[in-house]
Amino acid sequence: MAERSEEDKLKIARAITEALATPEEIRDDWGRLIVDTVLPDGVWSRPGLNQRDRSLITIAALTALHRPNELEIHIGRGLDNGLSREEICELIMHIAIYGGFPVAVEGMAIAKSVFEARSDD
Amino acid sequence: MAERSEEDKLKIARAITEALATPEEIRDDWGRLIVDTVLPDGVWSRPGLNQRDRSLITIAALTALHRPNELEIHIGRGLDNGLSREEICELIMHIAIYGGFPVAVEGMAIAKSVFEARSDD
Amino acid sequence: MAERSEEDKLKIARAITEALATPEEIRDDWGRLIVDTVLPDGVWSRPGLNQRDRSLITIAALTALHRPNELEIHIGRGLDNGLSREEICELIMHIAIYGGFPVAVEGMAIAKSVFEARSDD
Amino acid sequence: MAERSEEDKLKIARAITEALATPEEIRDDWGRLIVDTVLPDGVWSRPGLNQRDRSLITIAALTALHRPNELEIHIGRGLDNGLSREEICELIMHIAIYGGFPVAVEGMAIAKSVFEARSDD
Amino acid sequence: MAERSEEDKLKIARAITEALATPEEIRDDWGRLIVDTVLPDGVWSRPGLNQRDRSLITIAALTALHRPNELEIHIGRGLDNGLSREEICELIMHIAIYGGFPVAVEGMAIAKSVFEARSDD
Amino acid sequence: MAERSEEDKLKIARAITEALATPEEIRDDWGRLIVDTVLPDGVWSRPGLNQRDRSLITIAALTALHRPNELEIHIGRGLDNGLSREEICELIMHIAIYGGFPVAVEGMAIAKSVFEARSDD
């Protein structure tokens, strides 16, 4: 993969830290760390698992860990990465067993709100 | 799916509570709850996600939640369900981002020990 | 205990998934899993601990795990199951020691809001 | 309740920090903090919940939070405080629902080992 | 340090439980436990670490544990205790590695809102 | 800072994955991710907080999150980074308040074992 230019990287970093509220004191460094480590150039860019599988495991971890804000973002990304609504629901039900029903109840509510927001498009 | 007989269910429940240390005071009820809710007749038997996908999300959740004993079991099951060693490693590296590097360091050590035990077969 | 009919079970499942926001894609299955595993026909229906004791341990776990939405529901159920307001407060203070003061601070705020909503009845 | 003398408090604090491995650099202060905040003079000494109820909620929280070492101690104390083995098993099964099956699997194994150690007495 | 009078302690306890919503059933006891165990007379009053260091470790723990409400309070206190905005941002970025990026994303958003509220002064 | 050569980076990565058990399937990539993201070239190399402060917050997070294996490593590094034994004990006691006494009890035991291993030198 051709390395992304520093300038392009900064542009993406800034788009990320527009979307995620970030103090200006660290904005560019934090954005660049996300670009390099998470996405688009971090673990998500590695070939070992495809984007759909990465969405599955990310949603699984965020549901289990009870991180509602990030979960909302990644349920949307999961749909973009080819997961069906039924698969996302099934995943959240499965996590009820491993992380407890309360985290799945939350996950279901977030999934519902993401699905409904998409239906309005 | 043909319902399993109560007798068969109890046989499986007892095999489970042989494998997982369980007080005799609750052994049969606990085993049956696992049979009906987890596996083989619980969420793992539902058609909405295949066994490989369920292994992916289970390993993701157990790594993120830092549950080393269950993780060891499910890395083995993941191999049985068709995940490659490379995919399991990739999954654990991905979870470093969402659950922190320490849980992935643990996950890597457990994966290594499971892989090595299999190589001895 | 006489088995509940499938029809009755579905009726209760639907009431649960009215109360808890759930995607329609999984609503009935998720509701039925809750009915069978959690309540009314799951662990809550077992004779080994009475309803008051089950409320005590559920509130303890939800406070310690920092699950505010479920905690709100179960503080209300705890009052219905015979816990006094003083006992619920005492329980939350006790959990400060085992789960940290921040989870108890949250629990106290939720208890206050549940108590006040009841006082308005 | 008559205040305990500073000398008596220190004696108890030292017994605690004998039982729990503690660096000598902080031993007496840490022991005294436990005496005053946890037990015997902390939350456990308050009249608002009896000792059996406090054991119930402590075991519930420790199971849900996955704290195996402390759980072992408190299952033993729970037996001393009047909980039956059946009640402790029932409690752990209940927590499977709220904290996930893996924490209950661990809890069951710890309960079994505590029960067996007592049977040897 | 001269012991604080019971009357003064109660006054501070009441100010704390004004600020943190607390059921009246336990207000004074809960406030006094905070005064004696947390602050101003608890761990925060001990000489072994200065106030700035205690703010560092408190913010680190609250970020890692994902306790947004308490984190907001302690980022403000951290500024009062001499941490710069840059140091707080750096701390939260560091915790991304140990607790996962999602908890740091939340921490950054909270830091931004606290910083902006102060800028309005 | 002069960029480290790829060859040097790989050498450090391999030393890390010797120390931390890692499956050979991902060893070099995982080691390099740690080098770039954690240390020596990741967050630990940033000037915004000194090494002592970074040890403080890392130990705080690992104690609160209950990650005993990593905590052991970082208590040792903390001593190397200039923290005194007294400060590390004080830190762990402070975290009892924010993460609960059980995680601090564990932290104290780990600190004791690290201190004693050093005394044998």
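When the chains are written out, they are named A, B, C, D, E and F in that same order, and each has its own residue count from 1.
Here is the rule we go by: a contact is a pair of C-beta atoms (placed from the backbone, for glycine too) under 8 Å apart; a residue touches a chain by one contact, two chains touch by 3 or more.
From a predicted model like this one, the values you see are computed outputs, not experimental measurements.
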Taking each chain's C-alpha mean as its centre, the one farthest from chain D: A
E-F, B-E or C-E - pair sharing over half of the A-D contact pairs: B-E
Chain of greatest Cα-centre distance to chain C: F
Cα-centroid distance, chain A relative to chain C, in whole angstrom: 29
Residue list for chain C, restricted to those that touch at least two other chains: 29, 33, 37-38, 46, 62, 64-66, 70, 86, 89-90, 93, 96-102
Chain A residues within the chain E interface of the complex: 20-23, 25-26, 29-30, 33-34, 37-38, 62, 65-67, 69-70
Touch list for chain F against partner chain E, complex: 37-38, 42-43, 46, 48-49, 53-54, 56-65, 70, 86-87, 89-91, 93-99
Chain A residues within the chain D interface of the complex: 64, 97-102
Residue ranges of chain A touching chain C (in the complex, touch as defined): 66, 85-86, 89-90, 93, 96, 100-103, 105-106, 108-109, 111-113, 115
